[in-house]
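See structure below.
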């Protein structure tokens, strides 16, 4: 209810502030008997963690996940899976200067107003550090979903946009560069661009796209819990996200029905896929694809003016180790959230069997 | 769980097929003592109903809501509010030709695959007729929310786009024309355009934008149930929606942090509002604004090819009375869903009081 | 959240006051393809309805259920099932005398305090009339559960107690008399007793017992959602219930472990069944049995003293048509609630398949 | 959904097996600004922990709770509270003899059937060790509820029953003896009796009663989520519980309405309290009182026959360190669960403010 849980049948509840002793979570509803590859789970965390490349924050965190329950002899037992990720690199003293002030476009102000006070060390609960727990749960969901393939990649950084549909890309190349853009030439340009932005102490936004293949027909529920509605909520719940579109998306709103309708082949597949693999909120077996817009990170390594609790105007100097562009690290988070949504509907669909 | 409920504390559950005897719903969690203006509720339904103007479907339905419970002496009692909207104009014979075939980009195929069979009369449960119940509940939510003002309007039809921020529009003018676009000149062009599209038996997409004013600070929950994540889910759950963006949206992904950050005034308001009234998932008291992309309606009054259950290719002829462009009728639905989201967070926020 | 919903996967939400135009409900999550015997559903309602025999209230209500959705060509479609039961015999004038006063051991006082005012016609939402909707949903759940047999019966009225374990009773005889006690001799005595109680304008309590046969192993979830915990909640949610026990129950608390443990047969069944068919919250395939204690109905056809809203002491005269003993009519309600609990766990268990 | 969560607004999710590295939980929905007495929380855990007296299991566990989040500068922050209790005394080798066999009246058999396999070390997830997490959350709930006083005590052990209503007892004396019975003479007899039972390697059941004072009027929701229905579920979810009754309970089913009705005083209190402080599912401000029946612990230190996975009959010898009677340690667990139920309704009731 208070917003720290996601999913109905495959349910993740998380806790943890950026500068507390640890983050953690509980996965409730994971079916029994799933053989877990624990190394693969840690690898997903490593894709997200800070300090992994030259274009992300240089803060170092091992982000090692420890499981406390729900796994026995290498398999899930069907009971709740508890896990913990310790915070090892909390420099609380970095943050005392913001105790009584509000950073622009951060959650400082609204937390203080909503809760009466806040854990002002770093972002507290509003820090994107929280997404580490999502990646753990998403990695388990991926292993449960087996043949369903979820691949996210960076499709734009600032105004640099990869103007190719995913069908013309080799998505396996996304992980070969630090930007996580499957087009090498574009990736190289983006990398240079991000470094330039960082050198100015500035940040820039971007877009992560995601493709899901081998989806069975029938995932998603009609009316309020449409598959794309839950995917949308999942993506919009990631820090810094400003928009979501799937299939033809916003461009689809400019089209005629006679162009947009996806004609059937005799096997039930469709000749085009403007629907984005979802019709009436239910997967139709075609590829699901969607895009997620991220705003530029609000923390700048620049001077800026802001206010304190009493409304006094202050001049502040951003410092610390922050991401100039969030999208490379957001790629595994987008995949994780997609996996959580699919896991939930996968389990729910068993009821119809 | 099966997708027919929306909201946690202010909860709506609905039922009804397009061609059954009635639609209906139950609102659970509406607080007691709210004086209801029943005429205002019916007026919201009238804004959505078919046959209201020359550019929407000419099917006639009175769409009269009857309340069965939860209201006594003009006020909500705090118990569940049951309501019913009878279907009076079900021409089931219009639909027998689609019993064994699947209309392209409709939900026919996925319903048959998911459930084993379907109510093939009209769209059954996948029909947008279902949204009438949302409008009833949204109208009650609006009355509970009192001073919060929710105004949606058509901002584009096909490629015709109203290229003005909402702050330069007089939103009260949206209801003065049948397109529900607040710019009269543009509305007139859009109306002509929709009529042209209809004359060809074709359809076209569009965008509905929405502005919410007088929002108190503190609505929304961190992490998974961010205010914009729930708004996004709510909008994406409306039939034909392909995308959602709020605040700076997709455009924000092209910006620099130094431009995008919203500097504070000393009273906690911000000089700009790229955040769209929401920071860290929690309302900051500034206007909330967002846009919702609708695809073109899939039902064309044209010949088209499709398949039957056995995979045979058929030529079909679309007929009946359908909307050439869904956005004018979608305006009250967008408002209703926004009201439901805000009502839920409004109640949840009382816990912090 | 506000208490008008029951069940997670097989979910019932209800509405309706005793003297409003109608009661109704929505079943969300009923799987598709279940062939419904609508007459059997109405028969369950008839078992509960007022006026069915000489020992229950003589108020007449046809209690006819009408389905609005979710059923097509005789089968459930998988979409939400809406239904309505009209109130045809609302004598609102019977109740105006209680508008400003609080009947002892009714919900009048607490409703006024909780909600600020109440629908004072009859019990409003607190009336047991609400249970009609439970019976409808329970009847559908029973049809889904097929081979699972749920049989409730009256095991005591006041101090008259059927001192036989269910294994020594022919439960099919319960429906052959108006008390619904499977022992004819005891049933006859109970009937006479209830008539005596009624002749004095008094009421008396009783116990309904319930046996569930052919339960598969594995229903129920560990920890908080144990099968018997949900059964207990379900029963305790029925009007006038004061206690619940299953298996050895309160008597079991007086036993030694060496007597109470149920030794296994080699096929996994047990030689005794003090466990009541549930171990660790999960069904073990043995018969589930439990008892539910009902207090005497609070409405007496006698003079009594009470208070009005201002705390003035009043003398009131109970009148109207009320049940002298609630347990005969409670039998189908107990069965319905048991069916709802089992239906929910039955669906949830599919996730493990 | 899978049963590891309790509560809607004040929500606890737990994990942990008896012999894994740790137990833990997340409290989501605790309001901000509550000053926590961490020592008082640990004290509640100490009341439950093994090895605390001569009549409970002599297994030693420090049961030290560590908080990971949601608390800052001594106060709750409004974000999720994560906590961990390490298992330090896991003698896994004690349990290898039960790997392939099923102990009578334990959950071994049903876990294997439901999940396909089980963590056979101790009770795994079905161990009452899990209740430690409930006690942590309950202790926080108690601190939130402030003036509401929840006191549980042992009212019977086997056939030894404290035949006095709670109003004739000094409940503060319950904690002065190791049985937790407020009557010293009876406590002494019970202690002797439990020691006798233990000396035979046997176990015995008992009853825990609970009284809640200073409850505001209005807690609880009508229809399905009645206050006593949730209390009943909460209690029945505790390991080994077989029955629950509140107010007049099972005895109330033998009474006449003319005796059972609670006449009002002019201030809204009642002269008697057969209702047990709850009318129509909603607290009326009078004391809430209820009793919870516990079966004898299934683990005996005796020889017994049972079956293995293949259905072969085995003779086993119970060993280890177990409780001869569970009720003394159950007292803080009953209080904790009562606190969780009240906390949830306390928050929900704010919606009506």
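Letters A, B, C and D mark the chains as written, and numbering starts fresh at 1 in each.
Operating definition for what follows: contacts are C-beta pairs under 8 Å (C-beta built on N, C-alpha and C of every residue); 3 or more make two chains touch, one makes a residue touch a chain.
Because the structure is predicted, anything quoted here is derived from the model rather than measured.
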Winner on C-beta contact pairs when B-D is weighed against A-D: A-D
Chain whose average C-alpha position is farthest from chain A's own: C
Gap in Å, rounded to a whole number, between the CA centres of chain D and chain B: 46
Approximate Å spacing (C-alpha centroids) for the pair chain A, chain D: 39
Multi-partner residues of chain D (each touching 2 or more other chains): 1-5, 8-9, 14, 29, 32, 78-79, 114-116, 125, 222, 352
Residue ranges of chain C in contact with chain A within the complex: 9, 29, 31-32, 78-79, 222, 347, 350-353
Contact footprint of chain B on chain C as seen in their complex: 1-5, 8-9, 11, 13-17, 20-26, 28-29, 32-33, 66, 68-70, 72-73, 75, 77-82, 84, 114-119, 124-125
Residues of chain C that touch chain D when the two form their complex: 1-6, 8-9, 14, 102, 104-107, 109-111, 113-116, 125-126, 130, 156, 158-159, 197, 202-207, 217-218, 221-226, 228-230, 232-234, 236-237, 239, 242-250, 252-258, 260-268, 270, 274-276, 279-284, 293-300, 302, 304-307, 311-313, 348-349, 352
